[in-house]
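Shared between the two complexes below is chain A, which has chain B as its partner in the first and chain C in the second.
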Partner chain A sequence: MVERSQWCSALQALPEEQILSLAKEMLSVWQVRPKVIPQAGLGMLKLHDSALCEPFYLGEFPLASAWIEVETADGTLAEGAAQIMSARTELAEALALCDAVLAARLPGWQQVAELLAAGVAIRARIATERKRILSSTQVDFSLLDDVGGEDA
Partner chain B sequence: MLELSAIWKPETQQQLFRALLNAMARPGSRESNVIPADGEAIGLPVLAVLVDAAVTLADPHQLLRKSDWSLLQAAEKSADTADYIFCDGNRAPEFSPKLGTLTGPEQSATLIVSVSGLNSVTTRLKLKGPGIAESTTLVIDGLDPAWIHAREDWVCEFPLGVDLILVSETQLAAIPRTTNVEVL
Partner chain C sequence: MGYVAIKGGGRAIAGTKGVFDHLRTRQGEAGTPLDTDTIEQQLRLLHGRVISEGGVYAPQLASLALKQAQGDTLEAAFILRAYRSTQPRLTETPLLDTTKMRLTRRISAAFKDIPGGQMLGATTDYHLRMLRMELLKESSEEFRRISRDWFSSAPEADLPDSFPKVLDGLRQQGLLPQPDAAAAEREPFDITREPLIFPVPRSAALATMARAEQGSLLAIAYSNMRGYGDVHPTVAELRVGYLPVLLPHPITGELTEVGEVEMTECEVIAMYEDDADQSKAVFTLGYGACYGHNEVKAISMAILDRALQAGMKSGPRNPSEDPEFVLLHVDGIDSMGFCTHYKMPHYVTFQSDMDRLRTTRQKQTDKEQG
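Showing the complex of A and B:
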């Protein structure tokens, strides 16, 4: 099983509609309450420059977050949360619900697990593809040593 | 997707913020845009508008539930040091709120006091000062007289002081530090 910290990222590899429709089904049968107000806005990433180590902001990125509590029909309580680079609180809420369902093994968790496995497979495929592109563009600078003396 | 209570929705909060601005600009005027909190503490809608993670909040009379705290996101502090204090008007104040400094009078506390009503008469106050043409009368039900005496001490060294927001189930009124209050 993938680590919980990777669940959101893996599920986001799938089309949003798949996640949203699954969450909608679950919402219709359970009570879902927000623990904090779901929010969407802009995040700012602070970095330090390599020369003087002075902080600077690398620009803004969309950020949405949700933290929810689920109560099933038999009174089982579970919590889930999500923080994603997106401007859609709906998606963050749906991912937080998936997080709660999977973490607490609530009824229907197998459906979420299947989506998670599909998301992990997509991410693995993308990673392999990126690796292939990276290796095909790799430059072997050691070859320059052979002709290094000619400029002198 | 999630169903939030109306008090947490932006459109409600914008209306209530407008009502708060009017109330502060016209001390003693009663604003009726307070959405009744459904089973929640009276005054919570006002807190939902004013408070967020950047400020501190005190609840000396334990009016808030644990779930309210996580939605408000404010850090809890004692009433002596908090930016906002949420109190029950029926109980006498037993704290000294921060009054700001001469160079930073805005670093004082804002008190949100829940009262039983702003229509029926238990306490009748005559208000004078900026924002009031000559004088106005504010009637309050469910405010311990000790609040008026304590406020006199808190605002006696202007610009230091506190601002009071009185909230009933459906109405609110403000008494800023600039207002002169006389009990009738």
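Showing the complex of A and C:
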């Protein structure tokens, strides 16, 4: 299984409805309590410029976060959290639940793992598309050398 | 300047909303409402511009703003900026590193052979600027066929996930200035929280230009290129791609990807000068970056960054080197707001102008008549 640091982004690649409906199913039999009140707002993106290596803010991005504690029907406790580039706290809470289920291998974790695998596959397709964009436009300067041309 | 409260016009103002929306929908039965995905995908460069100038990476909201503003980029960026002003600031990322960008384009005008190679990506640089008449009546089938065919015909690629920077090689050869360790540790200036009171640090200039209006940046950078300045840039590297946005996981503390932003980044190499701390001459550098795919903006910003560094160091010799001149005139929302406020009623101030003109003319007449 992929590392926990990739779970949230992989699951976000799926249609939201899939995550929300799975979370709803789990919530119908478990108790979920927020460890921290879910929030939606903005994050600031801090970069270092690659010329002189000075930090600066490129801009902002929407951010929703959730940190929950879940108690299963048999009394097992687990914690999960999620932060996403979206204004939807409902989705962040659902992803935090998935995080808890996967981390603690709570009942039904295989369902979440299947979704995770589907998300990973979508991200792999996107990565492949980007690499094909690069490979189909890769410049072969040797062609110019063959005809004795000089590039300006 | 004076203002006066006036009454009336409420019905007319309410009517403008209806008329504005009517013009958006006047195709009537034959029309289809624009959906936000279509705007994001098919008008991607326009969309990226609004994200960049709005200063917040919210693709769906940027599409909505464009739809609502009926394609006016300044108005759309204004709507997005207004939205962000209603949102609380939750956190900031750790310092992110653009060498981790998942690239879709990467070129250098400085070297033919760069580590990893040059890849043109999606560009119109080599296209003829001739109308493609076949797009006038493009069918849905044809649209889907293009998408399908491209993917099946594009070559398989065994490429790395990220690429080294062209500047790294020059830095290793000692041809670039050494990074300022103190500046690298300094907290960056937050233009969303603090007003620009000059002199401002370079981080304020970079942040201001990153969300500046493209045409304004280009105009001032162009003045430098044409001769009101002497940057003489060479594009060391121009890259477009997606930067993973990382935040610590609330439970584990491990850096976790929360999403990605499309961005354009440009480094220019400019004329060399003696390094203040080194005995030998080194190239000078300029840096540009913005949300979205916007090469003109990134290159213009990099040129202006270099020009402003010169102005901050030795005093401005032309407008593009003057931080106050550049940074206070490139924000689209500021400049558009000032410009369009002239449409608003100035009845009292203009009445005053008329009174003064009449008085002056009367005095002149009195003088002429002795």
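The definition used in the following text is that the second predicted complex is superposed on the first by the 131 of 152 C-alpha atoms of A that agree within 3 Å, B and C clash if a C-alpha of one lies under 4 Å from a C-alpha of the other, contacts with A are read in each partner's own complex, and residues count from 1 in each chain.
One rule holds in what follows: contacts are C-beta pairs under 8 Å (C-beta built on N, C-alpha and C of every residue); 3 or more make two chains touch, one makes a residue touch a chain.
Fair warning: this is a prediction, and the values are worked out from it, not measured in the lab.
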Clash-or-fit label for the pair chain B, chain C on chain A: fit
Chain B versus chain C as contact partner of A:134, first or second or both or neither: second
Contacts of A:17 with chain B and chain C, given as first, second, both or neither: neither
First (chain B), second (chain C), both or neither touched by A:48: second
Touched chain A residues, chain B compared with chain C: C
Degrees between the directions from chain A toward chain B and toward chain C, using C-alpha centres, nearest 10: 90
Chain B versus chain C as contact partner of A:93, first or second or both or neither: first
Which of chain B and chain C A:36 touches, first, second, both or neither: both
Touching partner for A:74 - first (chain B), second (chain C), both, neither: neither
Smallest separation in angstrom, by C-alpha atoms, between chain B and chain C in the superposition: 10
Touching both chain B and chain C, residues of chain A: 36
Chain C residues touching chain A - in the complex, by the definition given at the top: 52, 55-58, 61, 84, 87-99, 102-106, 112-113, 117-122, 151, 154-157, 159, 161, 165, 167, 177, 179-180, 183-184, 186-192, 202-203, 206-207, 210-211, 241-242, 244-245, 247, 249-252, 254-261, 263, 265, 267, 285-287, 289-291, 302, 305
Chain C contact footprint on chain A (complex, rising order): 4-6, 8-9, 12, 36, 39-63, 65, 67, 79-81, 83-87, 103, 127-139, 141, 151
Partner chain B, residues of chain A touching it in the complex: 20, 23-24, 27, 32-38, 66, 68, 89-90, 93-94
Contact footprint of chain A on chain B as seen in their complex: 1-2, 4, 8, 67, 70-71, 73
